[in-house]
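One chain, subunit A, appears in both complexes that follow, with subunit B as partner in the first and subunit C in the second.
Moving on, here comes the complex of A and B:
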């Protein structure tokens, strides 16, 4: 059945995206396997345009008969809408690089239950006072197909497995703050040992609570903390839609130095470890590596087809579609902050006095228009003479461009982080020179 | 096929909850119908217990064959878990009141597109400068079935239709803050006219921006603003699990006066307008009207079966299950703050100088252990001599018990609010006596 041909009876242009998602996972809560589940989602998003008027319909099926009915519903919506004078047409047919990801076989819930069960035993053995308060092990299989009336036709598969652990330490009636770590992988091999060891190491030191005494000190942000801050305070400024609307402070700054030469940032869906491994974005535009910052110099924005056309630019293949509302936006597939040369261990061992931040609270209330932020670093750790000597909590407020101009060193290790549209990717730890902090009582 | 009988081969006790949910809706964005969608979710949660060890498995199907396999997976999970020494057993068979809700017929997406389309025309006619930035019209049909090995067997149906509008006003280059209103109904009749008129009225006055000059003034919280504050700062203290764990400031206060005599609060799933109209909770315990506060006096907590058993109390039928994780928690079905006697209009017309709050930002970071909160009232409005004369923004911080002791008057009108587990219900507007506020520049 040629769905596009059928849809051309109603529309000048038509796009159909089908999505199949399978997610199998198991969860842990308070040292017990709390549940396991298996979920399969099928969804089709139909977007048709007639005389510049768009209609979008979403249906939870990928069957031809349901899509046919959906096309008629989309046509009904287009009729009641106004024409969009800026409508640039759908993307043209294009060629894609080969889809090199080898999608591993489906696993049963037992597989993920067994991972968690061994982890629980491992934790009990390594630190009987530690408690796994929460966690999840699972895998997500994603298949999409995009067709449009300009000849776009692309199918792709993606797979991500994930392992998350949230632990606390107990000492008498005292408990440590929650310690969190994650591993994300494109195969079924998740590094549970690294995550467990990292959490237990932090719990041990977190039992010693220190007041954050210094008012200005070097601060090392671990990959997850760094991604939280950049996702909310920095990355929105690289969104092409914001450039057009005049709400990006980076508008007109291409070619200018905007941060330390030690920092390069790019979106890299081609990377074999890419969190979203895609050859085409959700409009069927071929994806590519897009440089945003090169040794501190602003290199460009991320674009989808619509906003690129309005700005007279080329789409960078960063069109992302909400499977819930059908709305198109702009987002990274795999945001990478380029690694440095020395190991995290070496960087810490050279710190005389300073702090390490594992995670932030309140990063989401950063101001993306200005880069201003005010966050609570928790858990954070105190470093003295190259040793982590205790845990602490402090407030950090400032401007993301100021601190990104104040980078002392970038670690050579990258960690995969899976958060919202703009945050997913691979991040190093970054040590910043003297940042002003404010202690918080706990 | 007797699923419970089959499960008894693996378990001492077994509970099966099946859920069917249909949601049909349409959305609006920037004065256009942005999409419509139809979604059907089927899910079964299996909870089995063997020798005090629990196993929970979730499957996205309600078919016998899938549930049979799920029972075996739940058994596999129970095996690796530790026994819960406090496990009270599953609820016993019980009788339920009649399910009186008449669930209306399914509607097509066209129905909701047409509602939005007429609303857009109505807005254009009534205020050409107003813009509908977002909104949704839809209906959700929910059917559940709960069975357990103690003889619980109950089926129920629920329906909610909703209509949400977010609007702004434009005056030259100036835009007003977002103005939001909602109508929730147990039939297909949603009051779009009331929502449209309420938004347009607020937009008109919001074009005049005033600085919040008074440092201490009467503050009238509209139903939605009130629900936000109470949901995060007050209601968690009525959760029986928190009473047992010692994190509720209300522990041991039953019978004591905790707030103004003008306030009564109860959970009322029997109310014909109940947001969740259920005869049994998610464990099959019969629901009832539960008084929490009667004329200012603390009357009790909300309980599910597990925490009630530990506390030596009776479940109030407030067990809620997450359809995502299977986890049981405690929540209200239809939280009602009892109405007063005078109309909102009369209360406002008696206000010499004061403020009206439509919505808060930051209510989620309230401290549920103490009742302390710090929120930004936005949009808020300035009242002078009984007239709303402009919009404003201010900060309000304090303690929810202090302000609930400081109630001047409760409106006779209630509005249905649909938020998280604890917030959904029906709320009046409440006028508080002199609250301390801090202006915020916009």
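Moving on, here comes the complex of A and C:
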């Protein structure tokens, strides 16, 4: 059945995206495996445009008969919409890089249960007092197909295996913050040993609680903390729609120095190690590596087809579709903050007095329109003479553009971060100078 | 295979418990961004969530097609997990329920013409953009209308209307060098389209534009520990983030609350509950395990008394389940969630709460919040004012507050006699519609406020 041809009876232009997702995982609660689960999603998004009026229909099915009905529904919805005077048309047919990702075969639930079983034994052996309060081992297979009436036709597959561990230590009523780590991979090989060792090392230190001081101090943000803060306070400013509307702090600043020369940032979806490896975005535009910041100088914005056309630019292949609402937006596929030259270990050993932040509470309450943030560093650790001597909790407040101009050093190690649609990428640790902190009572 | 046959099939495979939830919803999703309806969507959501207990371990899967295969898959998953389980999961016993629950909505949103919804959003946009400094607005509206069913192998059979509506607005303000952002979220499960008779576009626009303007012209906050008076919305978020999450039984075990049940943790005048409230976004008659929802008195006269439970954790804690197992949709298993978490009112006027504060902050509205197992919490603040010598002063720029919940509780100084709630979505791996609220509250110390000064 040629669905596009059928849709052309109703629309000037039509786009159909199908998605098949299969995620299998096993979970831990209270120091033991509690469940295994799978999620199978089959969904189709239909977007049709007639006389500049767009209508969208989503259905939990990829069957032709449901899509045919969906096309008719989308046509009824489009009739109610206002014509969009700026509607640029759907993307044209284009060529794509070869999809080099080798998607591994599906594994049984036992595979993921066994990974967690071994990890629980390893934790018990290494630290009998540590409590594994949560964790998950799993794999997600994703297949998408995008077709449109301009000849776009692209199918792609992606796979991510993941392993998450969440632990606490407790001494009577005193509980450490939850210490977590994660490993993600494009194969079935996840580095459980590194994750276990990292969590246990932090739990041991976290049992010693120290109060932070009200002052300006050097702060080293680990990759996960850095990604949280940048995702909510900085990256929205690279959205091309905000450039067009003049609401981005970075509007009109291409070619200008906007942060420390030590920082380069780019979106790299074609890297084989990319957490989200895609050759086409959700409108079927070929993806590419897009430089946003090069040695502190702003190089560009991220664009989808619609906003690039309005701005007279070329899409960077960053059209993202919500499979919950059908909404199109602009977003990164695999945001990378380029590595530095020295190891994290060496950077910490040179810190006389400062703090390390593993994660933040409240990064999502940052202001994307100004870059202002006030977040709680938790878990955070106190460093004295190059040694991590205890854990702490403090409020860190400021403006993301100010702190990115205040970078002391970037670590050479990159870690993959996997936080759903918004937060996939690879990040180093960054040490900042003179950040404003305030202790949270304890 | 229908749901009854699927339950029997699960039992015949050897499952100790089989539970199937079915949803059939039609959703409208509309997004108006600066004059253009970029998203005008109808979504058909249809599927089954299948959860089975086999030898003390859970297996869960979801499907839109093939219920028999889904039951077999859930069984296989549970079997795999059960081979590694040491302490078998068991469920607290509950009476079986057979019921059909109709929505109390007068105008179910699915029956409101799309044109009327579009006009509603247009009206909001026109009102918020009256001021030149409102540079951009994003207005989102979503509703769902349909039916849901729960069947269990124990004989529970409930059908209900999971209708809802949800509206959010984000404004970006720019005026020369001044910038700001303000947000609003409103949702309803008890009132349908008629809810906009009370929550009018006019009142929404007036409040939101005021917040934006105040923030753009706000003074920077002095970071550190200061006395605060929190308004009902911020008090609600403190109830939710600081205390509510610690009182979710699956989290309680790993928090300082686990050893404090029955102990005095706050002054005697402090009462906090998760309960049914008028227009509460978390209201329901039954939870997603078929357990009747009842009020949970988390703090009563300052004593930590009850926690929120599902059947699994009620068994672990040797308590009665209280109807707090909730799933975002058929494709998620139910987990322990809050509904409407509130501090109960006290007896003071607003003037009495601020009159002896030499320097502090009055915090009115929030943007985001987050809890941690060590009882540290964070609440983003999008509207607030300086308190100086017992009087309200200048508005402040957006900021956050934080504290250690078990310390903050001891430092609650006084409660107002008013009461209000807010509406939002809580993320704990899955989204859940929630409300939270309370009266005005004075906290004399132990709250840290973030700021550039």
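Definition applied: the second predicted complex is superposed on the first by the 436 of 442 C-alpha atoms of A that agree within 3 Å, B and C clash if a C-alpha of one lies under 4 Å from a C-alpha of the other, contacts with A are read in each partner's own complex, and residues count from 1 in each chain.
To be clear about the criterion, a residue touches a chain if its C-beta (ideal position, glycine included) is under 8 Å from a C-beta of that chain, and two chains touch if they have at least 3 such contacts.
Everything numeric here is computed off the predicted structure, so don't read it as measured data.
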Contacts of A:176 with subunit B and subunit C, given as first, second, both or neither: second
Superposed model, subunit A: greater residue contact from subunit B or subunit C: C
Which superposed partner A:106 touches (first subunit B, second subunit C, both, neither): neither
Which superposed partner A:39 touches (first subunit B, second subunit C, both, neither): both
Contacts of A:153 with subunit B and subunit C, given as first, second, both or neither: neither
First (subunit B), second (subunit C), both or neither touched by A:364: second
Partner chain in contact with A:343 - subunit B first, subunit C second, else both or neither: neither
Partner chain in contact with A:168 - subunit B first, subunit C second, else both or neither: second
Which superposed partner A:60 touches (first subunit B, second subunit C, both, neither): both
Subunit B/subunit C common contact set on subunit A: 26, 29, 32-40, 54-60, 73, 77, 80-82, 109-110, 113, 117, 324-327, 362, 365
Partner subunit C, residues of subunit A touching it in the complex: 24, 26, 29-30, 32-42, 54-61, 66, 70, 73-74, 77-78, 80-82, 84, 86, 108-110, 113-114, 116-117, 131, 133, 168, 170, 172-178, 214, 241, 245-247, 249, 306, 324-328, 361-362, 364-370, 372, 374-376, 378, 393, 395-399, 436, 438-442
Residues of subunit C defined as touching subunit A within the complex: 29, 31, 33-34, 36-47, 57-65, 73, 76-78, 80-81, 83-87, 89, 114-115, 118, 135-136, 142, 172-174, 179-181, 223-225, 250, 253-256, 259-260, 331, 333, 366-380, 397-400, 402-404, 407, 445-446, 448-452
Touch list for subunit B against partner subunit A, complex: 26-27, 29, 31-40, 54-60, 73, 76-77, 80-82, 109-110, 113, 117, 324-327, 362, 365
